[in-house]
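Some notes on the structure that comes next.
Going in written order, the chains are labelled A, B, C and D, and every chain counts its residues from 1.
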């Protein structure tokens, strides 16, 4: 058996190698103003929100749910933070904490409705998708909120040890979640619930609480992503922040090999998936591919990567190279 | 009975990653014969059946059906060619009605399309042959495992097939239904059909089969005339050694006097009459009753798996399984696939999931590995390694894993709903011994089984259920007496 | 009793719909009139036709995210064929139906052959088809052909042509779902794929057919769109997949597959239409944000009301 | 009941029409609130309606044409006096506008034209000319760079009318300048975040060739400025930037010397719309296309104008 992240990694590596050779300027990395610059850095910096969403989404999907509201939560959290810090003159920590608090609240609502009212996750989160952005629009009265708050902007494009802060933030969150998944019982419980919720209940798991926590964790990730997105462009843009990003996040998770039916969480895979998507996007932008073609290329590439993870591809590979065997 | 085989397999090979499931297996079934396929859990019976019916492709060997080379591409293909099968894991659609499950793919039709009324009638008639008179318009999933199994069997025998394969059809049936099924098998045989029959119940094997093929560890041991093979020989062929003792030691049946570990009072839910129940320390309490009599329901109420309308367990309203587990209860559900296993999780994780609560929040892989390894050895679970996803294990081995899950937790009271379902003779004896040991150590067991002798053999006391109502408690009883109470042929019981 | 039990979700949905409609009628002048109701039908016909196809997909345990894109593609294709190539309207519609069905079938085949999850295949399909639509024509395209217009303004009794198409689709889909073996196989597939395979049902054929049906419905919706808007539009399909899924699920169809009905979808479509119209048009809220909040809140309260009614009427079911 | 209540409220203040005359009722179908520009437009029309004591029925279409058609049918059913429509798309209005015409309700289009075979379906269009905006941008850029530049274009959402027209006008005007060439052109969805991202990609691949940036709206330009800044490329000096819309943020950027020019696309159509309505109701004839005043602002004038910007 190959390692489960084998094929996603192969795909990512192939994409990177292709770009390093054929896309001009892709390979260039320079150190300027105490910070690394280059496309490779951009991939992680620009991809940070989607990576965070993918981390949270992995938890929810492993649990057998789905969260469509993450994009709206991003908009909401950015708006709350920006409003508090500009119009209400609050300090940065207060703004950040309040924004994350609001995100957690949305997550709790999602989780509670799914768990206690047993409404299907897709419906619940579709409702919060609509309402979340609506609330953000109502709060900001449909205005974009611009700000110049260096301490806050740091979240979006600060530099620590030569690396962009969002990259480190993603790494920290990913490490924390992976510890939670692999070093504590949480991972076992979440995967068990995704695999067979009835059995999980009979095994005495706190199914409601676990579900609630997973949705909250996902929303928290979305909240952080919203802060990064807002801080990055020094503006809370309620109408556009995080728009359609839920699809990217789900795509990342699935490209990374987590099954949408739940039961298994593959965090590293999701991160690889998100990196892959961002690399592809940047590549297409750098090569100046027009939108029409971008869409088609994206479709074909996504399908191929998913195909690489299916048993039927595995069989084909084995047939082509019988010598390799097991 | 002709001696020409209808369906014959020679030297069949099948490998799964890490498992050589079938190594050169020969098997044949003749027209008008009942051929039993025997072997321990994980011997390869179900795999062979799945190869015969086109679920898996074989890696080697030949199969001929009615003299022609046979390579079914799918179960549907096999069915069309004349092989009808019930698989071990229930393969019906729980969301559809009983009638549809019976008729799917061959529903009666009129000019405008499917004739629902005719379908219902047909379904009712079919089930009547099994003495089953239920509302066929209800979704199948709401019915008990036994009813579902009957429906699956009815579906298989209803078609125009030349070979009928039944993989553990009786695992959750009662004596009465089993009797009916064996009768039907007899009739089909008389009609000249070839029947393959898999079961772990030796009695049933000897009742109906003409020949017996034994598999061990994926290898072919031999095919024997049933009349010339003694039980002891059969079991030693299966195990590969002479068994120490075939039947476990019978219980003494003293009136049990321990302190109560569980007292239920006035437990009740819609349509289920209130009942009281006490289980003492070190006691084995058996539940007896017919199919649908409410044994499972009662057990679930005790465990808090279903919501009780009123009543208490140990002085409190049963809240949830979690709560019950915290009080030291364990519950092995009757429907393994739907409520027992976590299909994608490994054997290790399936064992560790409950005991993890005791092990603490942080996970130590070493600890889990040791635990899993210990039980795999102790219960003889056949798996290539403990990281194998449980869904790839054979049915009986899955059952053992779930049992291990609860043993590892060391509860004070085990509620075992059909723990021996689909478990081979050796392991069955093992489990009976285990129950005995547990009770000797002062732990209590609530034991539900469709096999009445088993219940009788193991229990200190027996609670009898009828029509979703607890009717009697019996101590020092005999088989005829219990059967009488179950059937309701005794004078009304005065409280 | 059995009828009630079996169709409980749809009935509860219908009841909840009536309640909300009554509230709206009490609140807004002229809401309770036949023309207004007919408007609902015709205004939501396009979404409705897409949702009918989606119902089959969801019943089979799958999902189709490409419907919006296929619908837009089909409408643009019809526009281009009629306006740029002077095709006959029926020929153009026929061609777009063939394309839509083929696209759907292709996705179904990929899902079945490769074992990639429907979510991904149809998401990729959505990108692909949208790209394709932009390639055949970058802008939305106005359709002004006499033949086309004459169909667009056709009425059957009081019903505009789009409403008629929608109701026809619901009726035919109901027939297919309930009275044909194909329909029952779809339910079986959604109820348990492995079991369906073991029962010997034609799983492959059914699955490919389901996505083909969805593609057909989506492209037909594209045609209906051209009659409704007199144009081929890229924009109308954006986000339509979520609306379609929402209406299907609101109608009581389980996303996991196997349970649900086409009439449920009809109720779902009417419901979503009612909510959107009453909030955006009749209530006329000044804030776009609050409008969305209200839409979400109403949607949620409908779902909860439906749940509550289901429980009330059916009583507590077996918990297992 | 909602509507009767609304009409019952006495109109406030000065501009109240004579009590005898029934209050003018106007139905306004707006696209949504996707951008600051759009919200400014809504505000302007609402504010003007309030000022003049007009009963304004507002319907937010959330970006959906079907929603707008529904709104229009309900306006017709409610027998409003005038309909103001900001169409989501250019096509697909024949049927509903025919209904309006039959009900003798004049329709005034704002900010974007529509394509209909029968021009009499609407009374007039009050809007900016997107093609003209693109042309103005091109001409200014040519003048500024002496007719020689490598231009990088940030397009609006693919398929959207303003994006198509602004591109078209720009390219048309560039025909006259053979040395001005668009090197790369990518969609950035009219948003700042995307604008930044796409600009970063441009910088990474063609860093040294970038001389000018043309963005279809200010938001994308602001994002591009940020990307250029971070890459140390001195926007506004080493790279010439021009965009369209003229929102406040653009003026701030010009004051800071980072944006070179913006072509105003005025959303404050309120006064003009209601003036036109009055004319129409008085039976005066109005031109089919009333161009709103679009002008180009450069860095030099930005500081003076900025204080007057409302959005």
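Methods note: a contact is a pair of C-beta atoms (placed from the backbone, for glycine too) under 8 Å apart; a residue touches a chain by one contact, two chains touch by 3 or more.
This structure is a prediction, so every number in the text was calculated from the model and none was measured.
Peer 1: Quick check: more C-beta contact pairs at B-C or at A-C?
Peer 2: A-C
Peer 1: Hey, how far is the Cα centre of chain A from the one of chain B, in Å?
Peer 2: 44
Peer 1: Can you check how far apart chain B and chain D are, centre to centre, with Cα atoms defining each centre and the answer in Å?
Peer 2: Each chain reduced to its C-alpha mean, chain B and chain D end up 71 Å apart.
Peer 1: How far is the middle of chain A from the middle of chain C, if each middle is the mean of its Cα atoms, in Å?
Peer 2: A distance of 29 Å separates the two centres.
Peer 1: Going by the touch rule set out above, which residues of chain B reach two or more other chains?
Peer 2: 305, 339
Peer 1: Which chain A residues sit where two or more other chains touch them?
Peer 2: Within chain A, residues 137, 141-142, 198, 291-292 contact more than one other chain.
Peer 1: Do you know which chain C residues sit against two or more other chains?
Peer 2: Residues 134, 138, 287-289, 291-292, 320 of chain C touch two or more partner chains.
Peer 1: Every touching chain pair, please?
Peer 2: Touch list across chains, by label: A-B, A-C, A-D, B-C, C-D.
Peer 1: In their complex, what parts of chain B are in touch with chain A?
Peer 2: Where chain B meets chain A, its residues are 17, 303, 305, 320-322, 324-326, 331, 333, 338-345, 349, 352-354, 356-357, 359-363, 405.
Peer 1: Touching residues of chain A toward chain B in the complex: what are they?
Peer 2: Going by the criterion above, the answer is residues 1, 182-185, 187-189, 191-192, 195-196, 198-206, 263-264, 326.
Peer 1: Along chain C, where are the residues that touch chain B in the complex?
Peer 2: Of all residues in chain C, those touching chain B are 2, 6, 175, 178-181, 184-185, 187-188, 190-192, 194-202, 258-259, 315-320.
Peer 1: Which bits of chain A are touching chain D when the two form their complex?
Peer 2: 23-26, 28, 32-33, 37-39, 42, 46, 137, 141-144, 146, 157, 229, 232-235, 237, 239-241, 281-282, 285-288, 290-292
Peer 1: Quick check on the complex: what are the chain B residues that touch chain C?
Peer 2: Counting only chain B, the residues touching chain C are 55, 74-80, 85, 87, 90-96, 100, 104-105, 107, 109, 112-114, 135, 137-138, 142, 155, 270, 300, 305-307, 339.
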